[in-house]
Amino acid sequence: MERIAVYPGSFDPITMGHIDVIERSLGFVDRVVVAVTNHSRKNSLFTIEERVALIRTIYDKSKRVEVDRFNGLLVNYMKKKRINIILRGLRAVSDFEYEFQMLLANRKLDSRIETVFLMPGEEFFFISSSIVKEIASLKGDVSMFVPEVVAEALKKKFKY
Amino acid sequence: MERIAVYPGSFDPITMGHIDVIERSLGFVDRVVVAVTNHSRKNSLFTIEERVALIRTIYDKSKRVEVDRFNGLLVNYMKKKRINIILRGLRAVSDFEYEFQMLLANRKLDSRIETVFLMPGEEFFFISSSIVKEIASLKGDVSMFVPEVVAEALKKKFKY
Amino acid sequence: MERIAVYPGSFDPITMGHIDVIERSLGFVDRVVVAVTNHSRKNSLFTIEERVALIRTIYDKSKRVEVDRFNGLLVNYMKKKRINIILRGLRAVSDFEYEFQMLLANRKLDSRIETVFLMPGEEFFFISSSIVKEIASLKGDVSMFVPEVVAEALKKKFKY
Amino acid sequence: MERIAVYPGSFDPITMGHIDVIERSLGFVDRVVVAVTNHSRKNSLFTIEERVALIRTIYDKSKRVEVDRFNGLLVNYMKKKRINIILRGLRAVSDFEYEFQMLLANRKLDSRIETVFLMPGEEFFFISSSIVKEIASLKGDVSMFVPEVVAEALKKKFKY
Amino acid sequence: MERIAVYPGSFDPITMGHIDVIERSLGFVDRVVVAVTNHSRKNSLFTIEERVALIRTIYDKSKRVEVDRFNGLLVNYMKKKRINIILRGLRAVSDFEYEFQMLLANRKLDSRIETVFLMPGEEFFFISSSIVKEIASLKGDVSMFVPEVVAEALKKKFKY
Amino acid sequence: MERIAVYPGSFDPITMGHIDVIERSLGFVDRVVVAVTNHSRKNSLFTIEERVALIRTIYDKSKRVEVDRFNGLLVNYMKKKRINIILRGLRAVSDFEYEFQMLLANRKLDSRIETVFLMPGEEFFFISSSIVKEIASLKGDVSMFVPEVVAEALKKKFKY
């Protein structure tokens, strides 16, 4: 039986840290669905269409990475797609607590769901979408932090 | 002499975690004043009148739990009410640091004030008002996280 | 292809928290090898033979949980057994940092190895082998924290 | 009804931080029993008789602070003394996690028991019995960290 | 050769904690440039002109503390000013992680840059610009937390 | 005036992480004294003579790095050597709290002393002397974690 995990997030935009987590997950699941959420507490820089399109460009030819979007509760999306595994990257203590809270809420909402955590390579440890946006908004070079297609999209957004 | 503690917060809305802290505190104080603040850095989902009314419904018949609201500094409210004990729940490392900061500021503002911390039951560890609002905004079931009257109020707000 | 994870540890003794992690892992791997290490910085209460025997009693009839012991480096044991996935439970911030350190060392020693982390149920969050041993050494009731066979072994060790 | 809390610990030796917690607790309980445990994972510098004697000297004339010792489980000691409140000081994140673990174990062992946490003054935040012993073993001046009688006892132990 | 450090921040407004860090840094660098950034994720209470002016008033006669403002990336500002040392205060675990992230990003952007961290005196540990603004917005007394000139500016802003 | 920092520790043995901190510190001090302490709560693997000799071999030709040993309190050693700056590396949250405690104790013992913290490169983040010894005791390859001369000394100690 095929083993599939969902990797949910706002991916605003996707970074080398996210990509590292996806690569690593392919060592123990057959397929990963990168599921971009439309619902976020913060305003996003990229529209959901743009965020999905950027990830699709990167995983264009991959047979094992699918890109999708979802509205509403993650557990409902997973039920519909018949996926039971959530994939999450863990970088820092602050992540850790937020992740715990979400995991326990998800378990309460659907007890069959399991969350597995991976740690990105240490060179991606401190890369986050927010820091990338902060540097790009100041017209700094973000090419070490994001794939080329994302770096260009950031340059267009911030006109440099 | 009667021992009274104030339990301050925005309670937007009150959760099972808050209620657990209130119940536990009644093991060592005579009365608890749940003091809803009108001042918050974030926009609230419920108006202060709604928040107070929800808590009043829950503690309708309790002789030991009083519900009140306050403006301005907590230490001034406490001086006026002649209360010296602040009650706070501690759940996670991030809480811990914020609480320390507030406690030290309050001690500087009025040295007679003491803050006592309780830890909620582990089943309420990761319930917060924000996560409850996030789930409700996605029309998820929050009945394990909040009292029934609050669950209904959330359904009305988010129309589901 | 069968997916196998190794769950390494000293298991001195195995607790309900470990068992919860094993159960959860069976949702995304085919088999788990519980690998008891003979090498520990602390003196163990139970000999390695006793620790292995206790876990074997628990997983007596399980076809998906194997019990084994190893000496030397985990990465060498895994190479010999042709396993690439390490399973670890995460409970608290302090775990988190130690786990990071071990994971990065293991990745340096063998880059094909991936560590996946699970979080136990919140009712097992704060159970550790050390706290169980501390309570048992004081002749306290540990039956909520460990399987029956372990509770009895602890009673024998501490003569109560 | 008189409200009594037990303040358990190894107090090897008592520091200004412990004393600050005791003083603060007297703002919301009637009496505190400082309960010195004979059971500790580490070797103690002072014998339990010495540790109890040092605390007794300090609270010689206090009617609200009692000094006692106990063997075995804290919950059993509390049952015998009919005390339901445990008092603990919280200083740092590492304390926080250990305290959580002990609190949850104690709640499982006796659900009527409640633990209340206080934070010492910031000038005592980073004083611990271990750091005091480390400085004293190097013949350093510990008079800012412990009461005079303890400073003298440390000098005798380390012959300076 | 003169050793110069830049102390970057939004300083909205400068607090006793910042001032303590500046004083301490003068023990190992010759001069400090307090560099106020115009770019912040949050809306500021004081305009950049006001923030710079407040700090200038405080360091009016100091030959070793210079006040400046900058736009854009800190690393570019430092290149232009030929400064290689960033000075940062560390107070709490949450600071710690954010600081790590910024430091690693800065190192990637310019490898010659080094960040040195100081810890403020424990009496300034829990003072932050946000908590000062929160208290002032409630017309509380902030004179223990900020220099007099800042306390007065806060009173004007909040009209009390 | 020459600026000198002391870098104290047990260095049992020195790792690439320590060396990275020393290199970075030379960007803002003129000289570093690596001061090996004979006093440690744990038993050391290498004698103090061996530890000093290993570091001396590494900094053989360096004019800016001196190696020394000390007994007793660090503050006394610094007073004798007329050094006011302590250099420390910060890697993780657990370090952070221990370092705070030591820093505050040192400040109380001698207020002229300042501690500056550096963060090692992320590739050295999770390397510690203990993990190096653990891997070496299992006859694992530690050549990525320590200088060659230390790797050889470890091989001799553990006979592989």
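The chains carry the letters A, B, C, D, E and F, assigned in the order they are written, with residues numbered from 1 in each.
Quick note on the criterion: contacts are C-beta pairs under 8 Å (C-beta built on N, C-alpha and C of every residue); 3 or more make two chains touch, one makes a residue touch a chain.
All figures in this text were calculated on a predicted structure; none of them were measured in a lab.
Enquirer: If you take the chains that touch chain A and keep only those that also touch chain E, what is left?
Expert: Touching chain A and chain E alike, sorted by label: B, F.
Enquirer: Approximately how many whole Å separate the CA-defined centres of chain C and chain E?
Expert: Chain centroid spacing, chain C to chain E, equals 47 Å.
Enquirer: Where the centres are mean C-alpha positions, what is the separation of chain D from chain E, in Å?
Expert: 39
Enquirer: Residue numbers in chain E touching 2 or more other chains?
Expert: 93-94, 97, 100, 104, 122, 125-126
Enquirer: Return all touching chain pairs.
Expert: Every pair of chains in contact is listed here: A-B, A-C, A-E, A-F, B-C, B-D, B-E, C-D, C-F, D-E, D-F, E-F.
Enquirer: Residue numbers of chain F touching chain C in their complex, please.
Expert: For this pair, the touching residues of chain F are 92-94, 125-128, 131, 134-135, 137-141, 144-145.
Enquirer: Would you pull the chain F residues touching chain A in the complex into a rising list?
Expert: The contact residues of chain F facing chain A are 93, 122-123, 125-126.
Enquirer: Please give the residue numbers of chain B that touch chain D in the complex, ascending.
Expert: 3, 5, 24, 27-29, 84-85, 90, 93, 96-97, 100, 103-104, 107, 112, 114-119, 121-122
Enquirer: Using the touch rule from the top, collect the residues of chain C that touch chain F in their complex.
Expert: 39, 41, 72-73, 75-76, 93-94, 97, 100-102, 104-105, 108-109
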